[in-house]
Every structure is written in structure tokens, then in C-alpha cells.
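Shared between the two complexes below is chain A, which pairs with chain B and chain C, respectively.
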Partner chain A sequence: MKAKAAVSASILLVTTLLLILLSPEPAASVRGFFSGPFRNLYSFGSFLASASLLTIAGTGAALAFRGGAFNLGGEGQVYCGAVSALSAGLLLPALPGNLGTPLLLLAAAAAGFFIALFSGWLKYRFSIHELISTYLISSTLVYICDYLISGPLRDEESFLIATPRLPEVYTLQQILPPSPLHTGVFIALTTALAAHLWLNRSVRGYRLRIYGENPACIRFAGIREKTYALLPIALSGGLYGLAGGVALLGIHFRGIQGFTAGLGWNGIAVALIAGLSPAAAAAAAVLIAFIEIGISAAMAGASVTYDLGLMIRGIILIMVTMKVFTSNRKEELL
Partner chain B sequence: MKFSGTSKRWSAAALTLLLVLTVPAGIAAAGRAEAPDDSYRIAVFVPGVTAGSPIYEMLAEGARRAADEFDHARANIIEGGTNQGEWPGKIASIAAQGDHDLIVTSNPAMPEIVNEVSQRFPDQKFVFMDGYLEGNPSIYTLRYDQYQQAYLAGYFAGLVTSSTMEFAGEQLKIGLVAGQEYPDMNQSILPGYREGAQDAAPGTEVDFRVVGNWYDASRGKELAREIISGGADVLLPISGGANYGVLEAAIEGDAYVIWYDTSGYHEAPGTVIGSTAIMQDTATYETVKAAIEGSLPFGSADKAGLQEGMVTFITDDPLFEEHVPEDIRRALISRMEELAK
Partner chain C sequence: MDSSTPVLSCRSIAKVYESNHVQACDDISLDLHAGEIHCILGENGAGKSTLMRILTGDQTPDSGQLYMHGAPCSFSSPHDSLMQGVGMIHQQSNCIRELTVWENIILGAEQCGLLGRVGRNRSLRAAVDRLSSRYGISVPYHEQAAKLDSNAVQTTALLSILLRNAQVLIFDEPHSLFSGDPPVSFQEIAETLAQEGKALAVVTHNIAAAFAVASRITILRRGRSMGTFLPESIDIQGATRLMMGLPPEFTPGAPKPSRRVHGAVRRNPVLSLDQVSTKGDVDNPSTLKSVSLSVHPGEILACVGIKEHGLLTLEALLTSFVPDPGSTPPELSGGAITCDGGRTYPRSLAEIRRRQFAYVPSNRLLSAAAVYSTVEENAVLHAHSKLTEGKIPGLMSSRQVRRFTESLIHSFAIQGNHKDSLLSLSGGNIQKLIAARELADRPRLLIACEITWGLDVRTQEFLFEQLQEIKKREGSVLLITSETDVALEHSDRIAMFYHGRLVRTAPSADVTASDVGEVILGERSRL
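Moving on, here comes the complex of A and B:
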């Protein structure tokens, strides 16, 4: 726990240092960064909304890692999840909201689940490493989703590359107007908690962890290996898809080209900071969301260029995976 | 593996150093006095990045120039990046912050995004250059006459394709490569281009292609190649970064290019032989100045073209004079004079 606090503290400190070194107006940037989420109701709400999405994605990333799988296809799984929910919402006949919303979220999760399951199967059947297959499949799917949004689903009247809005009955309840905070925050907390309990208190969760650490052990125990070769990565994909669905129904309400970009990679960052623990994912998501909102605020206050913002974000993500942090974390885990 | 004592000490030292360096700076920053209340703060929201985008450079430049004329005004440039999906959230967070008296932005897509944001933050004033929205009391828009601008490009293209210039082919055929289809493209630019060409050389056909985004230069090149091999000899790319792919194809395929919105003669002398332009810097300067003075009619939407001097075809560039025969230049200029009346 101490180590995690140290990780978080040093990330915030390095960010500050970078802003001081690189911003044209260091004082305004630093002030903007730290006050980021707390400047007003709107920024606080969007901070929590963003943390919710990251919690779901981060839990998904963590589940794959714990089961010994690398799911690098988060970007495509999130986007496909969102686009599946979107297509279902736009193309299917109208449903009442209390039925439609869960159904669309299910469509989102199912899309991510099956995409990742396919990579798991390629690994199990043909020994194609999921490290490469998830990534390649995801990269292709991003283009397909881009095409769907700019082609068949496109709103011709819009100046944006975007689809029409979903019927309002499907959208998640807003809870802190005018901010974009919505009931997805409860979905996120439930997801992280459920994943934590399942992983640590259930037999299957226990086996999944054992499989992640030593697949041979599961084999010699006479447990069906296939289940644990496919389950972690498929569940991971399912949660990524769900994150895409929540982003759609809670924040955007329509598809805009590239609207979920970044969530997949940031999910991995969340999982790594959380030491691969779903329970800690919410806390790690809060940290990443803080950095995201803080960087935006620093940019808005002091003419920091967009590219510089991206660079600072990139440096932070690299730090997260540094050996100094990971070696300590492993000790806590094992 | 346990942390060795040395690396632990190193980490501790590094952390302490960071703390020593950053915390005082943070405190100093937080304690800095806010700008006085009577100041007029302008946020220029760039939907993209400024560097390398002349239209947005002109937007920033115009707003800065207006702000510099007043002691109490200050313009702050905020870049939104190229992901359209992030723009609504970013512009909403600037509006929510509430410390800017005016948000200036430019892009035909912005009114659609902001109209919704504006309902949540009704007190925030917005100015859109190159956009159109009427009737929202917090929003003023100024759009350029896209029909007229495209008409000029088309008229020039028609003159060239029917001429005896080196690369002008047999067919009366010209091309237009768009980044995406959107209402202005379909309702103003394409018809303007087509009608301009028709007026210059009756019977001229327009080969219209769409890239599908504003950055894919290789796709732009591929489309331009197809257009050129179809017999067109003048191309008008309106496709952002993909314009450079079109340009490459034209250089390789011996065709001419007309640049849109900003002067493009220097991009490829001899290939880019014409350039329409919008005076976004002047227009932004005048609009923002009126806003600071309090005389801008929020709620209304204006349109500016040749008559107002906000849309033009650049005819005084030496490269234009060097590469375009005199009779074509004269025909174009006299048509512009007629339109400006």
C-alpha cells in the first residue's frame, strides 16, 4: 500500500515538474493542474465520469493480466462495444428505456467479449500469441468502426463525422447537471467490486489466478484448461466493451469518429497502477482521471499546446510501468 | 526481488528532490493573484492544432491582435486536438470554468457542438468564424461565402481546362477532392465549383471524390490519381492534410492544383497555379474587436464574401503571374470585379 501511495505521489510530482519546465506560463499551468477537477461542478462531474470509465476498462485489463493473458486490444474492444450498442440503439425498433438501456450495455459487453474470446481461441488452438492477435485485430476493428460511423450510420446533416443521437430513453440518468456525471459511476463501482469478490472469493476466480501464475498447475490438477485459457481474456474484452457502452450512453449519446480513443490504453495504465487488483482499480482510475482533467485544465489556463499535453501524458504512462514501481508491486501481490 | 538498500535510498532521494523542487512552485502558483475582474478574457478554441494549419493560425492571430489593442483584454489559445469526439467535452469545460468572457472558435462543425453546450451554460458568449447558427442570443456567427469562393476556383479551373496550357488535356474535366461530405460541401462548395466552371467553359464536368477524413494523404493521392487518369487536369483539394497527397499525385501526373482558403502557390510552384483565400485574420480581428467594444450583435449570423473583402482569389502572387497566361489572368480578374460589384 505504501508503495502504491509512493507511486501516485511521484507521478503527481513529476507532472508538476514537467509543467514547470515546459509550460510557457508555469504558475498558471501548475495551478490549473492541481485544481483541475475541483474548479467547478462541471469539472468535478466530468472527473468522476471519466474515472468511472477508466475503472471499468482498468478492471478489464486487470482480469486478463491476472489470468496470465495480455489483452492489448482494448482500444478496438471499447470502440466496438460502443458501436455495437449504438447500432442496436439506432437500428432496432424502439424499446422502453428500462429494458433498452441494459440491452444496449449487454450488446456492448458482448461485442468486446467475443472479439477477445476469438484471440483467446487463436492462442489456445493455434498458439498465436494474444499479445499480437489482440492488438492487430483491435487495430483493424478501429478502422471498421470509423467506417461505420462515417458511412452507414452517419448523420448526413451533421458537420461532424458523427451518427444521429440515440433516443433519449436509452441514456443513463444524469446525476450532477450540468456536468456529465451519470449513473455509470455505480456500474463502475459494482463492476470493480464484483470482479474483486469473484477473483478472490470464488473457486473459479481462484483457479483463474492459479492459471495466470502457473498454467501447468491447473493441468495437473485435472481442471479443464480450455476454460481458463479463454475466460480471462474474454472477460477482459467484455469489460472493455461495457466501458464503451457506458461512454456512449452516459456521456456522448451519439457516435463521433474516435470518441472512445485512449480508453483502451489508459485501462492498462489503470490496471498497472492498481497492481492488477480490481479493487484498487477505482483508486487508480481516479488518479489517471485526475491527470487527464488536470492536463486539460493546465492547457486551458496557459496556452500549453495540445502536443505538449500529450507528451506529458505519455511520460506519465511510461513512468507507471517503470521497474522501480513494478518490482515493489509484485512483492505485494505474491 | 527485494529492493536493495542503495536503490531504495536513491528513490527516496529522488522523491525528496522532486518535492523540494515542485511543492514551493505549486504553492507560489496557487497563491498568485487572479486577474482583475474588469478584464476581458477571450479563449480561442482551436478544433485541431494551430501549428501547420493556416486557418487556425489566422484565427489565433486575429484574436490576439484585437486583444492587444485593449489594455484590459487578453486572448488565450486553447488547442482541442484532432479528435472530434473530444471537442464537446473540452469546450464545455471552458464554458463551465466561466472565466472567459468570450469563446472564439472556427469550424463549420462547432455551432452544432456548442449549441448544446450553450443550453447548459447560457451566460457564456461564443463567436464562430466560418460557421452558421442564428437565433441563439449568446452566439454570433460569421461565415464566408463558400459558394462564391468555390465559384472562383471553378471559374479559374474552367478557364485552365479549356486553355492550351501545357498540362491542360483534351477533355473539359476538373476534379474536387473533399475530406468528407457535409452540408456546406454538398450545398455550396460543389455547386459553386461546378457552376463557376460551367460559366468559364460550358460543358465542363466535375469529378468529385471524398477521402473520408481530413488527414489521410495516401488516400488523397490515390483518389487524385484516379481523377487524373479519368482525364481531369485541374484539381481542387479541400481535404486538410490529405491535400498533400493530392498535390503529389498532380506533380507526378502532370496536372494543376488550386489551393483553397490560404495561399498555396509556394507549396509547389508550377503545379499550384491558383489559390482562393479567406481573410480569416481580418475577419476574426474585426469581430473580436467589436465583441470587446460591446457592439457585436449576438444572436445574429452574418455572411461575408467578395464584396466585403473576406473571400478572394489571390492574383497578385508572382508565381501566379509566372505560371498562368495573361489572357486567363485577365478573364479571372474581370469576373471577380463583376462579382464584387
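Moving on, here comes the complex of A and C:
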């Protein structure tokens, strides 16, 4: 816990330093960065909304890591989750809301689940490393989703490259209008908490953790190995898909090309900062969302260029991974 | 004995581990002279490993000084110490499994061509070949290191160290054999190296083996040196007492009145092998050839031999378990395995466990432990799905998990806390936990492989007491071990393997260690 706090503090410190060094108006940039989420109700709401999405995605990434799997296909899984919920919503426009919303979210989670499951199966059956397969499959799926949004699903009457809006009844309740904060924040908290309990206390969660550390141990215990070779990555895909669904139903309401871009990679950053703990993912998501909002505020208010913003984000990600891997340095046995 | 300046010596070495405040070394001084075989004896946790790590630059002492040829020196890393002439052959393989044996030998000494391609290194090959023929040891250069048996791994490490022309060689728990054709005993190699003027330090818990080779013996206990002795000036009992800090009248390992099996044979055997052969090359010593044996309720049957002469195959065959996900367990090519008087023997570890058979694997630290997880998480590996009677249905109850763990800790006198990471426990305590977990369910048959490996005398004794308990309640134990003396002392019957064949089975009370030795080394093929 102490280490995680130290990581977070040093990230904020480095961001500040970078802004001071690189921004033409250091004072304004730093002020913009730190006050970013608190400027008004709108920015506070979008800060929390973005944190909720990151929490779900980060929980997903953490589950894969804990089970010893690398899911680098978050981008595609989130996008497919969103597009699958979207298609379901457009195909079935007349369901009641309290049935339709869960159904759409389920469609989103299922899409991510099965896409990732396929990578897990490739690993189990053909020893194709999931690091490669998740990434390649995801990159392909991004183009397919782009095509669906700009082609078959496109709203012909709109000038935007976007799909028609989903029926109002399916969308998640807004909490803090006019900000985009929505009931998805509760979905996020529930997801992180449930995943935490499941991972740390359930029989399957226990096995997943042991499998993640030493697969031979699971076979030694006479437990079916295949389940745990597939489960972590599939669950992780499912949560990524869910994150896509919540983004659609809570914030965008319609498909726009690339509207979930970045969530997959940021999910990994969240999981790493959280030390791969689902409960800590909520806190780590708040940190990453803070930085995102802060940087856009700094960009908007104090002529920090877009490139500088990207650079700072990149440096933060590098620091996060660095910290995580050094603190987990494995000591020699015996 | 060379009384001149020692090649390597240390004075007043002290080391405290910050993580657990254990004083691993406390004022230890040691001299290693050219031409001597210096055995360092101690129980688990006596400080042997730490001292050796300090002597090879793997760790730095808190205080104390190292000297090479009388001049103060320091090693910044194992590489540094090797460059200065101190090399170590580790207990566990530090081969790189993905490389070939040859690449492992020359790693770090190789000459690279343009673009970093490792060249053919003809001069190196000639040098290694010379070493190999000088000591009569050989390894398959082109084999992948992952496929080597433990003797060959040790031989690879030795060749690599010799290639750097190390003057001080430190052996950590050496195996008794080096691979070659025929295999060379450790004693033979050690004596040759010593005659050539190299200084040898041999770290071991096997007192008898130490007395057989040592020119001097240093005994460590709880991080302190109990003294350095000539083997003539101390006997095995005396050394054991010093190691264990016991009063003089105690003699560990004194033969207990052995209980011969009465009437057990008349009942159905728990496990029975009938003319069992495994697929594979007949010339390969590890392929089983028409092995017949049975284990009866209330008996301890020991299978002894060289590991690679069928013991490892037998283990994998009876458990359908290989830790390496890439390889598959051996397949039967003939014969039949049955259990409980004629039923087909299960072919999966899940089924085997369902029959209340338990298994302590020979490579248990690799396959039976999750060392970065906690003691608790490791303790409940078999029991976890039954510990779900907590407040929230479907979840494991932390109270039950803790109680279960503490009962194992208590009954096996394991030093450690239920929330500690397994890695923070000493090797002996990890092994106790692994055994305790298997015995918790009162198995009807325990397949215990190399159960004494890496354990001090006291822990060994403790585990054998537990095996006697199984026997008392009419359970059975199949010991598979390459440690003959231990097997003889603690089993009812002993089955001797050589070249994949079961050469002889006899009541343990009727044979001596030298009888067994002759059989398993192939010196007497049939009795």
C-alpha cells in the first residue's frame, strides 16, 4: 500500500516538473492541471465518469495478470463490446429499459469474453502466446468496428460518421447533469468490489491466483488446468467488453469511430498502479482519470501543446511499469 | 596438509537479513587451503548458504573480511569472484534451460563474431574436451539444458567453472554422481581436483558423505562456527551432536526396533505393478522394463537406485504428473498397474487424489509450491474447496483457512506464520508444509519421492515418524529415493532398481547398505 502511494505521489510530482520545464506558461499550466477536474460541475462529473470506465477496464486487466495471462487486446475488446451493445440496441429497439439495459451490457461483456477466450484457447491448444494473439486480433477488430460504424450501422441522415442514437430507455441514468456522470459509476464500484471478493475469497479465485503463480501447482493438486488456462483472460476480456458497453450507454449513446480508443491501454496502466488488486483499481483509476483531465485542462487553458500532453502521459506509463516491476523483483529461492 | 597461506579465507563474517532479522552468520572464520576438501556441515538454516554466497560475491557481509592468498579482497558479484578464481556449483540448477549444454558451459566465455553471432569457439571446445577427458566426465553438448538430469546439470556447471580455471571450487549439496561413461563419483572427482592443488569447499547436510571425502570439517550451527576438525579427531555422532546442539548421550538415527510386516501380505495390495514396462528405448536406463512390485496396507516399501535408472519414470508413471507442461508422462508398453486388489489404477492426479492417495513429488519446490504466495494459500491447496462454511456462501472462510493452516503449522512444528510469504520460510519448513498438506487427509497410500532431499537430520527424523504413523493406521507408503541408507533404515521392504529393472526386492532388515549399493550400481546384476 505504501509503495502504491509512493508511486502515485511520484507520478504527480514528475507531471508537475514536466509542466514547469516544458510549458511556456508554467504557473498557469500547473494550476490548470491540478484544478482540472474541479473547475466546474461538468469537469468534475466527466472526471468521475472517466474514472468509472477505467475502473472496469483496470479490474479486467488485473484479473488477467493475476491469472498469469497477458491481455494486450483491451482496445479491440472494449470497442467490440461497445459495438456489440450498440448493434443489439439498434436491432431490438422496443424492449423495456430495465430489461434492455442489462441485456445490452451483457452483450458487451459477452463480446469481450469470447474474443479473449479465443486467444486463451489458441494459447492452450496451439501454444500461440496470448501476448501476440490478443494484440493482433484486437488491432484487426478495431478496423472491423470502424467499418461497421461508418458502413452498415451509420446514420444516413447525419453528417457525422456516427450511428443513430440508441433509444433513450436503454441509456444509463445521468446523475449530475449537464456533466456526463451516470449510474455506470455504481456498476464500476460493484465490479471492482465483486472482482476483489471473488479473486481473494472464492474457490475459483484462489485457484486462479495459484495458477497465475505456478500452473504446475494446479495440476499437482489434480485440478483441471484447462479451466484456469482460459478463465483469467476470458474474464478480463469480459470486463473490457463491459467497459465498452458502459461507455456507450453512459456517455456516448451512439457509435462514433474510435470512441473508446485508449481505454484498453489505460486499463493496463490502472491495473499496474493498483498492484494488480481489483479493489485498488478504483483508486488507481481516479489517479489516471485525474491526470487525463488535468492534462486536457492544462492544454485548454495554458497553451500546453497536444504533443506535450501525450508525452507526459507516455512518461507516466513508463514510470508506472518501471515501479511495478522493480517492486516485484523476485528473490532467489532458498 | 598445506599449512601455508590459504587460497581463500574469511575472518569474522557477520550477516543479518534485514527482511526477517535473522542472523545468518555470526563471527564465522574459515580457511580454504590448496589441496584440501573442506566440508561445511550444518542443519537447514545454519548459515551454510549465506556464507557461501558471501564467499562468491552473491551477498556482501555486514562485517568481516575476505582474503585471497592472504591479501584482503572483495567480490562484487559471482562473476567477479569467478574472475578472481572462486567458482560455485549450485545445489539447484542455474543452467539456462533454453540454451544447449554447450552454450551453458561457455556462457560468458564465448567469443562472438560480427553481429554478435556466437562463433564456433574451437579453442574453447578443445579446452572443454581436455577437461572432460581429464576427469572422465562428459555431457551431451547439443542437448537442450532443460532435458538434462540432475547429475548432468551438475557436471555442466562443474565444466563451466573449470573452464574459467577456478582455484577455489565450492560445491553446494553435490549429487553423488557426475555424468560420464561410466559415471564418476563425487568423491573421485573431489580427490582428483584436490590433488591438482585446487581448494574445495563442500557444503552438505549428509554427514556420512562428508566424512568419506573431507580432509577438514567445519560445523556451523545457527550462524556460528562450532569449530573446524580433522575427520580423525571427530566421529559422525560427535559431528551430529554439534550440528544439532544436542547433549552427548543422544544418538540420532539409532535403529529403532523395526516392526516386521505381519500378515499384511495376505491382504489385497493397495498398489500393484505387474510386469510393467514403459515406452522408450530399451537401452535407456530410465525406461522401465518388466517391473513387478506391490505395496500392502501397513507397510513402507522403498524403491531405491540412481534417479535416472527408473525412479523418476516410476514416479511420473504412478502420478501421471510431470511439472514441465511441454512433456507428457511415460506410457505403458506392457503390463498392468492395479490398486486396491485388482481395480484399474487411475491415470490422472485428480482421480488418484480422489482415491485418497497422496503424493510428495521429488521436484516439490517447482511443482508443489507457490513460493510467492502465503503459507496459508499454500497450505490449503488440497483443502480449499472444503473450507467454505463462512458467513458468505460460496466464499472461502478466512477463519477456517487460518485454522486449517495453523493446525498444519502446529502438528508439523513449522516455523512460520500463516500470513508469511512461503519464500520467507526456510527450505526445511517449506518442505514440512508440503508434506503436512499431503498427510492432512490421512492418505491410504503416500507416494513420497526423494523425501529427504535438502533436509537436515532432525526434519528427516520428524518426517519418518509421520510415515510410521501412516503405517500404524494401516496406510501404506511408497518411498522412491536415491538415498539408500535412509531407505534401509526406514522401510519394511526395499526394491532395488538398476537400468530400469527391479533387480531385487528384500526385507530391509535382511540387507546391508553395501548389498544395496552393489545392486543399484550394477556391480552385481542378479542375486
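Note that the second predicted complex is superposed on the first by the 322 of 334 C-alpha atoms of A that agree within 3 Å, B and C clash if a C-alpha of one lies under 4 Å from a C-alpha of the other, contacts with A are read in each partner's own complex, and residues count from 1 in each chain.
Definition applied: contacts are C-beta pairs under 8 Å (C-beta built on N, C-alpha and C of every residue); 3 or more make two chains touch, one makes a residue touch a chain.
Fair warning: this is a prediction, and the values are worked out from it, not measured in the lab.
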When chain B and chain C are modelled together on chain A, clash or fit: fit
Residues of chain A touched, compared between chain B and chain C (which is higher): B
Chain B versus chain C as contact partner of A:Gln174, first or second or both or neither: neither
First (chain B), second (chain C), both or neither touched by A:Thr227: neither
Touched partner set for A:Leu197, first chain B, second chain C, both or neither: second
Inter-centroid angle chain B-chain A-chain C after superposition on A [Cα, multiple of 10°]: 140
Partner chain(s) touched by A:Arg219 [first = chain B, second = chain C, both, neither]: second
Touched partner set for A:Arg209, first chain B, second chain C, both or neither: second
Minimal inter-chain CA distance - chain C and chain B, angstrom: 8
Set of chain A residues, in rising order, touched by both chain B and chain C: 331
Contact footprint of chain A on chain C as seen in their complex: 49, 91-92, 321, 323-325, 348-354, 359, 361, 365-373, 377, 380-382, 384-385, 388, 392, 394-396, 398, 423, 427, 454
Footprint of chain A on chain B - complex, ascending: 1-3, 7, 11, 14-15, 18-19, 21-22, 25-26, 28-30, 32, 43, 49-51, 76-81, 83-86, 88-90, 92-94, 96-98, 107-109, 111-113, 120-121, 180-184, 212-213
Complex contact set, residues of chain A against chain B: 6, 9-10, 13-14, 16-17, 20, 26-31, 34-35, 39-43, 46, 146-147, 150, 156-162, 177-180, 251-252, 256-261, 296-297, 299-303, 305-307, 310, 324, 327-328, 331
Residues of chain A defined as touching chain C within the complex: 197, 201-203, 206-207, 209-210, 213-217, 219-224, 330-331, 333-334
